[in-house]
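Take this structure first; my questions come after.
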């Protein structure tokens, strides 16, 4: 099978590098077009990109030319499918321009996530929300479309909540995060700010987590999404971890449940990506650890190639009903891997033919 | 005024070192007697102690002899007042032995904190609980007594809650901690466990925080303490910070309050130690920061010489009513400084005459 | 081909864990027998071992029983080949006991490295020294033998020097190390000692590096090794790195050489393990990086599966003649991988038939 | 005594903040004028400066207005004495402009350090070099002057070498540094670059250390400085330390010396700043530690308020003659404190009257 050519907007950033890395041996897609800021345009990827991942830059990407983030014919043929990890300062307009020009924009940027007609998607959680694009294209008159994935902190939370919402109904969710520095991109967090320190604030993060979680777990009907009817509160903190957001979570459920019931629905959670065996789908989207001190970023980050949410320490909560710890890889499942799985879902539904 | 001689049980450990350091220039007390494990006994303090504080070991302590942790006349005259930072494996029996022998044991160890007749004390929060010692001495037939301070994680939480409980009544409290490695003593946390990592478990810690907070904010009447009638839930995590426990806290109150009301009662909080100007009392036991990203261990740890609780980021909580971040120095306000202030309170009440 | 069964002495320590991990899919060897301290004996490996590697414990090892470190029939049949990563407090006697009992002890411990009749071996550097075992067995009357690999800090240095010694002759070598915490084993370095810090001292390390380097690069003739005739000076420091020792090295050579000549002999360096394609042999034992800021542990640690020495920043030295930076994985090439390659060399020479 | 008003060029950077902090309670000087980049100009210091020191911003500085870095009357009266911690991209021209306009520019920037007529000064090491300014003013026709202090890595090295050069003569010096991140300013080193890592390269640093050391220890005669006649080689590395450069140093001397002789000349080293009791002068410019594992940044950084060089681990070197470890505070003794002591020396010599 000939692979589908794809482009990357914002290819030189941390998430852009993850896209390039994850796509290196992808069975369906191959990177054919890269774009970044003006100062990178015209250089090869090897010249333009300060590669920061531990694994080396894929050879196939080194000599690709970096273009400006403009749709149209200036830059040879731009592929139909374009991943976006643009900075939110510019993503809003650029992504619309590409969608208008007929591209399928699968974005990790925050700008359009809360647009009523833009799917905010986790394929295991709300694959039916993808149908929002019909109205999006119709009303906006676009040949292309924009599809988004949630914030890196939202993903692990929403993954852990999805089976609970389905089985028991959610009433209240309180989450405190301890987030990795890679979430802030590169150069990102100065060493002098975070070494030996905790920063109890990440701009805009708590609002994103609270609203995105409700949209993700909302009901899709009549062409629109009604946000989930449960309260969410987030405390977001930065700690000295490279990759992996750890979250202390307390929940109240609408129907009666025992601790074993929660563990059971987590362990048995499977969804569309698993049924269709999408290439980037984890076999177990949720992995439950029984040791008393897990999950930990050091040991659990790369379970299922960074695509699983790892849950542990499930126990009763004296204030809400249950509490547990969840861990998710913020630049894989929380960013580039999330968008990639979205694109795979879309392909499996015929959106990329 | 001649200073009162004091002893230290567990003088070579991390908290023991803090005692020695804090007592160096104390206006009321002076270190005269040190005790530690058998293998230290007979050595000078300089020989026995692997000093780990940044400030050098006080000269006055270097040549003091280290004794075994036994009451009686084997070791010259042991002072009436003895601070204890013994490991909880041995503290239970040793502290009772010293109390029985007539010593006032002001302990940082966890063993007796929840004993019904032992005061668990924060002088700003529940100074009236000190009166528990009357029953303790009477029923146990002791000439001495045991008084304790709370766990290092409890202190900052309880300090931040005390004015809320008094002004508005507490209903629910949910706290997630990000705790410093010094809380685990020395050698404590191996580097290989915590570098680039978060450990979402600290043995026994969550139970301590939950129970101690209720006892601290309980009512004293008829010679006993009735625990506070509010729910407390704790998630405890270890992060790569040297000193300073950061806590993300959500609360619900019994009576109506606005955010400004909380800030006002925090800012104006004063109590017995401030009124009596006890030597180790912070002028402001609670310091409120208004920057959006504070408190942080790096910048706020040593406010009021490590004796204040620093609060910031007060805002509404979508699940409970309010949320905020609190920071407290875990080996000063959360350990040695806490015991020292307890002893000062006791002296001011005539218990050490 | 049926795999050769092997044993591991000190199987629960950090290096022991590396042995288990590296042997998981080894084409020649398989782990059949594990031994550790008395308190581990009788447990399964999963019970006895606090596994600290990021990759999970191999399933095949989990249920193996852990024995005491005693030769003889008490513990079923102990394999002929036994790897040792015992603590140097006990390795001296235990390894001799096993060699006496007929085992081939391939040891990472320091105790016998400098024994005149014990090979201190890097297969790329001095494979001919292996012949020392003939005299060892004869004079000691052993059926078995002891073969050792160098200290984790020596390996990268000696690898980088070997082609220089051969091509140009060495006169002077000055090395300053920045060593990872994993080199101290587990629990090893307390967090409170090393966070935000450099420790400019590692007990015994400098002496080991200086003497071992001379033995490794010494001449074998008439059944004995004459140490290399060059001066070596080592400064050893501990820094906050998990794995990977970085070394700043200056050298003077005996014959004239240009910078390009050094780079050429490093790049083209191949030796017996490469010729025989031993399973753990790196294709390129030395990898030269041309970027101005490499090698770095973060990016270069796992080159050639942690079996290469990565060299960069080669440039003239105003005091000696040349200077450069070398990086080597301290628990793979510097410990378990080193011993494994020694065993592979021995098998290829018929010592394990 | 009325204090002398001083200005600071580059007041919002890391070294600028140190100037403000060190000058807070200075007996001779007081901060009256601040300048920084255009985007800061017009704001108060509290508004313009992202304060990164642990101690809070001095109240006296908060409301000072920040000006542009231009000489002349645009900004009220600019004090005669101006400290400069400008970025080297702009320092070259700005400092000349201020000197031309009559200001005494005491600079921490690297631009003019190696100018033949500009003193590169450590008051304990080469106070006589200050006389270079006579020629500087004459030939350049300036009313003002420029005086510089060395690079943060050079200072500790040169301090440790000065008494050796004087007593025994230096022949060869080889230094490997492990440098703190604060040396790169703010935001400086990205966390993703340095956590769990060593970076074996700092742009331009090795050349600076090698040349500056020779100039500092050079002879002043006939109005010029002849560089010291000894070889210097530097390996410069960045490690995860906040403040404090640790250096592994080997030396060869011209005349015979024993280890005790070195320790003696270090211990007894006193110079002009000590004799004149300059306010920022350490009582002991060199402090020798005898523990086998010192100096360490964690414990020795703030000896003598960060103005001493702490030496330890003196021992024979098998390649050169002696080796030892030196530690120096890079933003105090290595930057702002260095410039401040230079200004105090100049005042004591009448240059500021």
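Order of writing sets the labels: A, B, C and D. Residues in every chain begin at 1.
Following the convention adopted for this analysis, a residue touches a chain if its C-beta (ideal position, glycine included) is under 8 Å from a C-beta of that chain, and two chains touch if they have at least 3 such contacts.
Computed from a predicted model, the values in this text were never measured in an experiment.
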Magnitude of the superposing rotation for chain C and chain D (Cα, nearest 5°): 180
Computing the C-alpha centre of each chain, which chain sits at the greatest distance from chain D? A
What's the distance between the Cα centroids of chain A and chain C, rounded to whole Å? 42
I'd like the Å distance between the centres of chain B and chain D, where a centre is the mean of that chain's Cα atoms. 42
Approximately how many whole Å separate the CA-defined centres of chain B and chain C? 48
Enumerate the residues of chain B that touch no fewer than two other chains. 193, 195-196, 240, 242, 298
Across the complex, what residues on chain D touch chain A? 14, 52, 181-182, 186-196, 240, 242
Chain B contact footprint on chain D (complex, rising order): 54, 56, 195-196, 298-299, 302
In the complex, go through chain C and note every residue touching chain D. 172-174, 176, 178, 193, 196-201, 210, 231-233, 235, 237, 239-242, 246, 248, 250, 292-298, 312-313, 317-320, 323, 325
